[in-house]
Every structure is written in structure tokens, then in C-alpha cells.
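Two complexes follow with subunit A in common, the first pairing it with subunit B and the second with subunit C.
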Partner chain A sequence: MEQILANGLYLGAQYALIALGLTLIFSLMNVLNFAHGQMYVFGGFVTYTVVAQLGLPFIVGLFASAVVLAVIGALIERFLFRPVIRKSHREESTMLLAAGIAFFLDAVILLIFGEKQRGVPKIMDGVLNWDFRIIMPYDRILIGVLAIGMIIIFILFMQYSKTGRAMRALAQDRVAAQLMGVEVDRYSMIGFALGAMLAGLVGGLLVTITGINLGMGGPTSIKAFLMIMIGGAGVISGAIAGGFILGMMESIGLTLLAAYGGITYLVIFATLMVFLAIRPQGLMGKPWG
Partner chain B sequence: MQRRVLIKSAVLAALTAMISPATSYAANDVLKIGFVGVTSGPAAAWGISNQRSMETRAAWINETGGYKIGDTTYDIEIVAFDDQKDPKRAIAGMEKMAQEEIHYVVGPNVDDGAAAVRPVAEQNGIMYFPYAFPKSLYQAPASNAVLGMVANYQSGPAIYKHLMKNNGVSKIAFVAANESDPLSQRDSGAAAAKELGLEVVSDSVTYQVDTTDFTPVILPVLKAKPDLLVLSGVSPANAPQLIRSARELGYTGLISTETAQDAKVLQEGAGELANGFISVGGASTPELASDMMREFVDRYTKMFGEYNDESNTKVYALEYILETLKANPEGLTDVEAFKTTMDTFEAPNIYMVGDAKLSYVGTTSFGQKRQVAVPLVVNVFNNGEFETMFVATVD
Partner chain C sequence: MNIKKVVGTLVFLVVVLAVIPWAIAKSGRWDFYYTLTSVALLSIASAGVWLTFYIGRINIGQGAYALAGGYVAAILVTKVGINFWLTIPLAGLFCAGLSVLIGLPILRLRGVYFAMVTLVLTEVMRLATLALPITNGAKGITSIPLPQELSIFGLTLIPDFGTMANPKLAFYLTAVILMILCYFVLWRIVNSRLGHLCRSLQQNEELSASIGVNTAYLRVIAYSISSFFGGIAGAMFVAISQSIYPSSFQVTDSVNFMLNCFLGGLGYVFGPMLGTLVLYFGWDLLFTTGRYQLLIYSTLLILLILMLPNGILSLGIFNRKNPRS
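Our next item is the complex of A and B:
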């Protein structure tokens, strides 16, 4: 049981961090960013390049992933989403744009980084073995702790910084925030950059554990959508809750349902369908959006 | 003025770029060989290594004057189509090959794609070389598909037998991705293991291909305490993580797979934890590679920046097509002539040292010769490199 909880917490921390970026972008701009998974993959490849190819320390790779993805996010918002949102009020326009960006990033990743799975050396050796009740490598513990630390920093930033407050105001009521002097364009760009940065950071963190490859983008986006649907789209606390719930469900399912083959995700999807039928806005979302 | 000059230069450069490939082919006739496989998405590595192997060999042939079949020398052109691992796209790809009047196609890479293209291939007189294992593709009445590698139901038993004899393996466990190819490979592997008298202690655990933490996946398998853990049909992307999780959880037994892997990917993803990992490879280990194989690896590396060890098994299909056509040029327009030639075909294997031969096999598994005879080279990974564990043949 202890092992199931430990696995669930570790998975939940990384999932929550992935979902945070997606929900932030959705709350600020009402954009479903289908390219979120590709941004995660791009971040992983940047860390890989810096650490494995250039031989620089892991922390430098992580920093590079954050910066590169923040810049990419800002450029995507400024030159792609902003004009489309200005010209079209149809939601499918931004959805199509996001899907297009996902395909584009896939192609760019293939061209720049190739088709192979990549990984960086372990950042910490050794395995914690607590009387065979919890077995967890130290690097996983470190990555889990870092992920939780980043979630806390993000919450504090959104809660207490001027930028964070402005973005929360935008998310709550765009028109009212504008009337109160919040620069919508500026904070939308910062929000998108921050969302992309979070995706890049998780990619950078996980490249030390799971490695990274071209095909991870799409499935990561799907899981991220799953999490924000559980927690409630556009709600920060909902994304965190969704991440931890999905992580825990996976951990429990994979352990208890191992004898029944690949039934874990079937159960998760079926449960989610029933849950959404009862509460379509998710755990913490509002029915009116 | 400067702008006009710039535009003119750009147009001229573009025209030159468009014309130059045509001029390079102008000396010889062109023989088009198709490739339909997955070159995007999670399984992209399988198809890309296929396509690049073909492109490397084609460029090599063209650079050295072309390939003589009968009285005509041909430049080889590879026509590639990304099926995105989607059977519907694979059918579209095979239809495109038919429209271009291509009779020889390498791929698809997976079971459902290979099964889906069968009617199109048969109706349009296309011989295709899938990397998929369903026996029905190669058994009569089917006759247009030729298995391009060693199937897991051929390599698996050979590996298990070797490990039973040399390592005293008696308990075996299987873990597979929740997808059709790995699941069917797991089932046939488990059946073969039982037939050999091994005790199958776990064969129900599966994982999603996008799993980011394999600890919960592997834990129930390791509780069964197998001597040998088989990663059925594992992709190069998942193999290092599964190995790493198993070792970090304290597993000290053997780990193997029947798919081809890449040494650098294993080294980067699992490091020394991957030492001892057994997989199926081609003929490029130092003990087996000929000078031609080494040159192929060099050329591939120069063309694409980095070699992929999976290409060791994928270098062969194009060679088989060309050598068989050379043996009977009627095959260029008549695949029935190609099929007839397959029964007696034999040519030197230029990629291996010694007197290894290219020939068609598969009589035991399929009742007819519908498989290329590639060497069954079983490798063991050690400190960043593959070493040959043993070599066997398929009949």
C-alpha cells in the first residue's frame, strides 16, 4: 500500500505540473492548447541537448528549457493566437490553430532532434528501500520534490505577485480586468509564455527519468486534458487535484488490476465518463465556465 | 535594383535545385521502389530507420553508376509514404504505389497495416516486404507478402532455449505494451515458452506506450520472481525505461526482447543498468560485419548525422528485391516471375563476413518461401555496445 501511495504521489506531482500550464492558458485565453504535449517534448529535448550534447549541468539544461519554451510560447501567442482571436470569434479557429501548431512542432522536433528516444544520465544514484515497503530511486524522489516545489512557487506567484494577480483578474472577468487597467495583450502573452514554460520544465525534469521522444507529445496532451477535465478546466487548484487524482488512479489500477491486463485505462476512462456525466464542469470548475 | 537582383538570384537558385536531381538521374533509367511505413508519431523510429536504410543504399548505388538488371542499368529511386501507423493511411500509401506503377514495396511496419494493404497489393501486382508477424500474410493462398525480418515466434524460442541451457532459466515472465503487435508477440512468446517446458509466472501485465513511470507496471511482474523477463515487442523508446525500473527495483535476473534495439538509446536511457540486456540485431557487430556493412553504416551516418542500430535488420529488404530482379529481370514487370525466382534464388550476403547467402526461407513457418533469410543474430548489450551472443538461422 505504501508503494502504491508513493508511486501515485510521484506520478501526480509530474502530472499536476503538466496540467497547470494547460489550464493557465485556457483560463486566460479560452484556448485549448493541443500543442501542450509537443511543448513538453521540446523542453525535454532542449535539456537533453544542453546536458547530454553540450555537457553542461542539469540545472542549466532545466533553465534553458524554461527560457526557450517561454520565448516560443510568447511568440506563438503574439504572432499566431493574438491575430486569430482578434479576427475570429469562433472557438474552433483557435482549436484548429493549436492543432496546426502541434503538427508543426512535431515536424520541427523531428528535423532538429531526430526520431530516436533520448535520455540524460541519472542525476542521482541509489535507491531508497524502506524495508521493502517503499522502493524508490533517489532521482525519482528528487524529481517529485522539485515538481512539488515548482507547483508551490507557481501558486505563490499567482497569488502574491502583481503579474499573477493581473492574470487571475483576466481569468475571472476579461472585460472587468480591462476596465480596471489590466493590459490584456501583455498579460495574455505572459500567461501563454508561463504555460509553455511549465510544459518545458516538466519535459526537462522528466528527461532524466523517462527520456524523451518525438511521439510523446500527443499522448501527453491527452493526459493533460484528462486532468483538467477531472479538476475543472481553467481552475489552478483543479489542475493540481486532477493531476494527483489521475496519478493515484494509475498507481492503484496498475497494481490492483495487473492480473487483468490493460484494463487500468479502460477503468479510468469509464470512471471519467460517468463522472463527467454527473459533473461536467469537473471537481472545481463552474458550470457557467 | 538590389531587390530585383536578389529575387532573380533566388529564382535561379530554386530552378537549379529543382533541375539538378533530374540531371543526376538522366544517365540511367529509374527503378522506383516503394516504402510504406510509419515515420511519424511514437513508432517513428521503426519506419524512419527503414526509409533511411533504403535511401542510403539507393544513394550509394546511384553514386557508383547504378544497378544493372538484365541489359539495363538503373538508378534507384525510393518513393516513401508515411502511414502514421494507421491502416487506412497504409492502404492509401499502397494505392499511391499502384498509381505510380511500383511493383516492389518495403513495409508496412506493423501487423494491422500489413494486413490492411494485402488486397491492394494483390489486386495491383505488388510484392511487399512487411515487418509484421501474422502468419496468414505469408501462408497460401496469400503470396505477395515477404516477411522482411525474423519473427518473434522464430527468435523467441531460440533465445529461450539458449538461456535454459546456458543460464539455467526455468521461470519466465512477459510484459507488453497494450497494443496489437506487442500483445500478439507476448502471446506467441508465452506459448513457445510453455512448449519448451518453461514456467510462465506472469504474462498479464501490460502498459500504455505513453507511460512515464514504469515502477508500478514492473512491480507486480517482479513479485513473481522470474529468471527471465521478456519485454515483448518493446519499442526502443520504452526499453531503457523498463530495464531501468526493473533494475532499480532490485531485479537481478535476465531481461530480453525479440525486437531490434539501438545501443545509444539504451546507453542514454539506462546506462550500465542495461548491461546484459538481450535483443535481436542484424549483422553489424564487429565479429560479423563485412566491409560493405561498415561502409553502409558510414554512409548512413554521413547522410543522416547518426546511425540507428535498428537498421542492421532493415538493410536487407531492398538488397533482396534488387538481387532477385537481377536474377530474373522479367520480375521488373511481372511479379509472378519474381515469385517463381524466389524458390531457387541465392546470392552472396554482402553485409556479413564469411560465405553467408541471401535466399528466401519460411517453409517451416509458412509452408512456402515467403521470408528473407536474414541472420538471426542475438546480441547482448554491454557498456554501450552490442556483442554477439549467438547466431542462428531460420529455415
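Our next item is the complex of A and C:
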């Protein structure tokens, strides 16, 4: 049981970090970022390139992932989403654009990094063995702790910095924020860059454990959507709750349902259906946010 | 129905049923049959997605129903031994029933929430076909026999595809006729009372509910018709490829169905057909560019969205030339 909980916590921390980026972008611009999984894969490959090919320390790779993805995110917002949001009359157009960007990033990843599965050497050796109740490699613990640390930094940033306050104001009411003197364009761009950066950071963290390959983008996006639906879209606490809940459900499901093969996600989805029938906006979302 | 519409429809019918087969026979490009058959079937599934757009919902879950329809047809043909032609409506009905069950809770969601849950549905259907015992897991169901003869009281309606000299042509004609039927049904729906009610849902759901439209019922009806289309498209696909795997229809396909509708234009019944044609052919034509295929394709897609956010059919020339839209 302790082992399951530890696995769930570890998974949940990763998931929450992915969902945070997605929900941030959604709350600021009302854009469902289909390319989030691809950004995650891109971040993983950047870390791989820096660590495994250039031979630099892991922390440099993580930093490079964050910077590269933040730049990509800012460019995407500035040159793609902003004009489309301004011109189109239907909000769905941005969804189409996001899907196009997902394909585009897939193509770029394929051309730059190839289609092979990549991984970096273990950053830490050894296994924690607590009386055979919890067995967990040290590198996993480190990654889990790093992820939780980043979540805390992110919350503090959103809560207390000027930028964070401006973004929260934007998410609450765009027009009112603008009237109070918040520069909408600037903070939308920062928000998108921040969301992309979070995706890149998770990619950089996970490349040390699961490795990374081109096909991981789509499924990651889907998991992120699941978490957002559980927690409620556009709400930071919801994304964190959704991430940890999904992580726990996956960890428990994989253990209990191991005998039946891969039906864990079927069960999770069925549960989600029932849950959504009762509470369509998720745990903490505003109705039709 | 004015004379222009009749002429336009007749020209379209002649082109797809006579001119294209003739041109292919002349030029000897038999591979085009497969491409065009795929376009016809994918545009049926896209038509379903379009109908959910029509009630104001973004549906990225059509791949799930296409997959389910395909598996229903495959299982009925190989394990139960039903004639393939009967499995097409059965697959459609199965998907429609399934979509009522799934739709009842999720159709209460709107906007991005509905889009997300349908996207997840596609992935879940793939996992379900991997996990269920009857679908044979990742190996899929292969070597499905070609469609048999369909006869009523000894009168042959459709001959056995296995004995045919040119099954490619037969598949093409079947798919095109199926597509025409589906688009006719769609066109009728849109121009009927049901269509007007659906339009009211698209514009303002609360308002239409307040003047007495049964919105919950309408949503489920529209969604189940949409899934019916997805199911028959999947079933027909199985007959052509003679195999089905959990990866036959996946998230990319669902997204593509949505893109087809967007690209053709959401305001036009025949938008999804045109969108499918352009996207599928565009992808095929770019095959010669090798490893840059996806890069060029996605760049063009993004440019198209930047310049034509309301779809190809929103261009002026099409509005005059296309009498059916």
C-alpha cells in the first residue's frame, strides 16, 4: 500500500506540472493547447541533447529546456495565436491552429531529433529500500521532489509576484484587467511562454527516467486534458488536484487491475463520465468557465 | 429546390460516378481509386463531426465511433458470419446506441470541455479494443473476407466482390454512393425542422430552451446521427482494408475529421467533403517531399488558418459557383 501511494505521489507530481502549464494557457487565452504534449517531448529532447550529446550536467539541460520552450511558446503566441484570435469570429479557430501547431512541432522534432527512443544516463544511483515497504530508486525520488518544488515555486510566483498577479487578474476578467492597466498582450505572451516552459521542464525531468520519443506527445496531451477535466479547466488548484488524482488512480489501478491487462484507463474514463454527469465543470472549475 | 441546384447536383453525380472512373481507366492510375475511396469514407465520418458542430459542440471523438463501427463489422463478419452488407447498418446502429449512452452525460459539457472529453474518448476506445477479449488485442482482426453477394428472393442486388474482375472500382462506387446518401441525409436534416432547431442550439442554448425546445433530446439525437455516420464509415473501411487494428483510427484521425470540417467551412453542408478532399489529397501529393512531408503539410495548414479562418468555402468564388451550399 505504501508503495502504491509513493508511486502515485511521484506520478502525480509530474502530471500536475504538465496540467499546470495547460491550465495556465487555457485560463489566460481560452485556448486549448493541443501542442502541449509535443512541447513536453521537445523539452525532453533538448535536455537529452545537452546532457547526453554535449556532456553537460543535468541541471544545465533542464535550464536549456526551460529557456528553449519559453522562447518557442512566446513566438507561437506572438505570431500565431494573437493574429488568429484577433481576426476570427469563432473561438474554435484557435483549436484548429493548436492542432496545426501540434503537427508542426511533431515534424520539427522528427527532423531535428529523429524518431528513436532517447534517454540520458541515470543522474543518481542507488535504491531507497524502506523495509521492503517502499522501494524506489533515488533518481525517481529526486525527480519527484524537484517536480513538487517547481509546483511550489510556481504557486508562489503566481501568488506574490507582480507578473503572477497580473496573470491572475487576466484570467478572472480580461476587460476589467485591461481597464486596471494590465498590458494584456504582454502578459498573454508571458503566460503562454510560462505554460510552454512548464511542459518543457517536465520533459526534461522525465527524460532521465522514462526516456523520450516522438510518439509520446499525443498521449501526454490526452492525460493533461483528463487532469484538467477532473480538476476544472483554468483553475490552478484544479490542475494540481487533477494531476495528483490521476496519478493516484493510475498507480492504484495498475496494481489492482494488473490481472486484467490494460483496462485501467477504461475504468478511469468510466469514472470520469459518472463524475462529469454530476459535476460537469470539474472539482474546482467555474461553471462554463 | 431551384434549377441551379438540380443541375449542380447532377453534374456532381455524373462527375463522381462516370467521369472519374472513365478518367482513371483512361490514364491507368488505378491507385487513385484507393485514395478517392478513402476520401469518400472519411468525408462520411467528417459529415458526422460537422453535424455536432452544427449544434455548437466541437467533436474530436469521431475516431472512436469509426473504430467501434469497424470492429462491430469485423466481428459480425468473421465470428458470427453475417453478410457484410447487413453489418453496415448494424455497425451504425451500434455506434448510435453507444453514443446515446456516452452522450447523455457528456453532452451537458460545452466548448472546450466537450472537445477534451471527446478527444479522450478516442484514446479510450483504442485502449478498449486493446483490452477486450473479443477484439483480439493489438493483433487486430485480419483476413476479413470481401463482401459477399447480397440478394433478396434470389435477385442479386450486389454481386460477390470476391468474384469481381475489378473490386477496386466496385469499392469506389459503393463508397461514393454511400457518401452521396449520407450527404443527402445531412442536407435534408439541415433544411428540416430538426436542422432549424439545431441552429437555435448553436446560437443560444438557454434561449432556445426557454422558448420550449427540448435541448437535451435534440443534442442526443444530433450526436447519435453523427456517430451513426462514423460507424458506417468505419464498417466500410474494414471491408476495403480487410483488416482492423486498434490503431486503425486514433487521435490523429479524430483531429483530422475536425480539421476537415473547419477547412471546408462550418457554414456549409458540403464543407466537410471538400475539406476531406483537399486535406487528403494535399497529404498524398506532398508524399514526394519525403521527410519534409509533415513539415510542409503543417506549415500550409497553419498558413491556411491564418488567412482563411472561416474555411475554404467562405471564399467568394465558391459561393457563386457552388449552388448546393
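We adopt the following convention: the second predicted complex is superposed on the first by the 288 of 289 C-alpha atoms of A that agree within 3 Å, B and C clash if a C-alpha of one lies under 4 Å from a C-alpha of the other, contacts with A are read in each partner's own complex, and residues count from 1 in each chain.
Rule of thumb we're sticking to: a contact is a pair of C-beta atoms (placed from the backbone, for glycine too) under 8 Å apart; a residue touches a chain by one contact, two chains touch by 3 or more.
Everything quoted here is computed from the prediction, not taken from an experiment.
Contact with subunit C, but none with subunit B, is seen for A:M229 once the two complexes are overlaid on the shared chain.
Once chain A of one complex is fitted onto chain A of the other, the partner contacts of A:R118 are limited to subunit B, with no touch recorded for subunit C.
In the superposition on chain A, A:Q14 makes contact with subunit B only, not with subunit C. Once the two complexes are overlaid on the shared chain, A:G55 sits clear of subunit B and of subunit C alike.
Once chain A of one complex is fitted onto chain A of the other, the partner contacts of A:D106 extend to both subunit B and subunit C. When the two complexes are overlaid on their common chain A, residue A:G181 makes contact with neither subunit B nor subunit C. By the document's definition of touching, both partners, subunit B and subunit C, reach A:G218. When the two structures are aligned on the shared chain, A:L206 is found in touch with subunit B, with no touch to subunit C.
Contacts of A:T255 after superposition on the shared chain: subunit B is touched, whereas subunit C is not. Common to the subunit B and subunit C contact sets on subunit A are residues 106, 110, 218-219, 260-262, 265. Listing the residues of subunit B that touch subunit A in their complex gives 39-45, 48-49, 178, 204-210, 212-213, 215-217, 219-221, 236-237, 240-241, 248-250, 262, 264-265, 268-271, 305-306, 308. On subunit C, the positions that touch subunit A within their shared complex are 53, 58, 102, 104-106, 108-113, 115-117, 119-121, 123-124, 127-128, 130-131, 250-252, 255, 258-259, 262, 266, 291-292, 294-295, 297-299, 301-302, 305-306, 309-310. For subunit A in complex with subunit C, the residues that touch the partner chain are 26, 30, 32, 34, 80, 83-84, 87-93, 95-97, 99-104, 106-108, 110-111, 218-219, 222, 225-226, 228-229, 233, 260-263, 265-266, 269, 272-274, 276-277, 280-281, 288.
Residues of subunit A that touch subunit B in their complex: 3-4, 7, 10-11, 14, 52, 106, 110, 114-122, 127, 129, 135-137, 140, 206, 209-211, 213-216, 218-220, 223, 250-251, 254-255, 258-262, 265.
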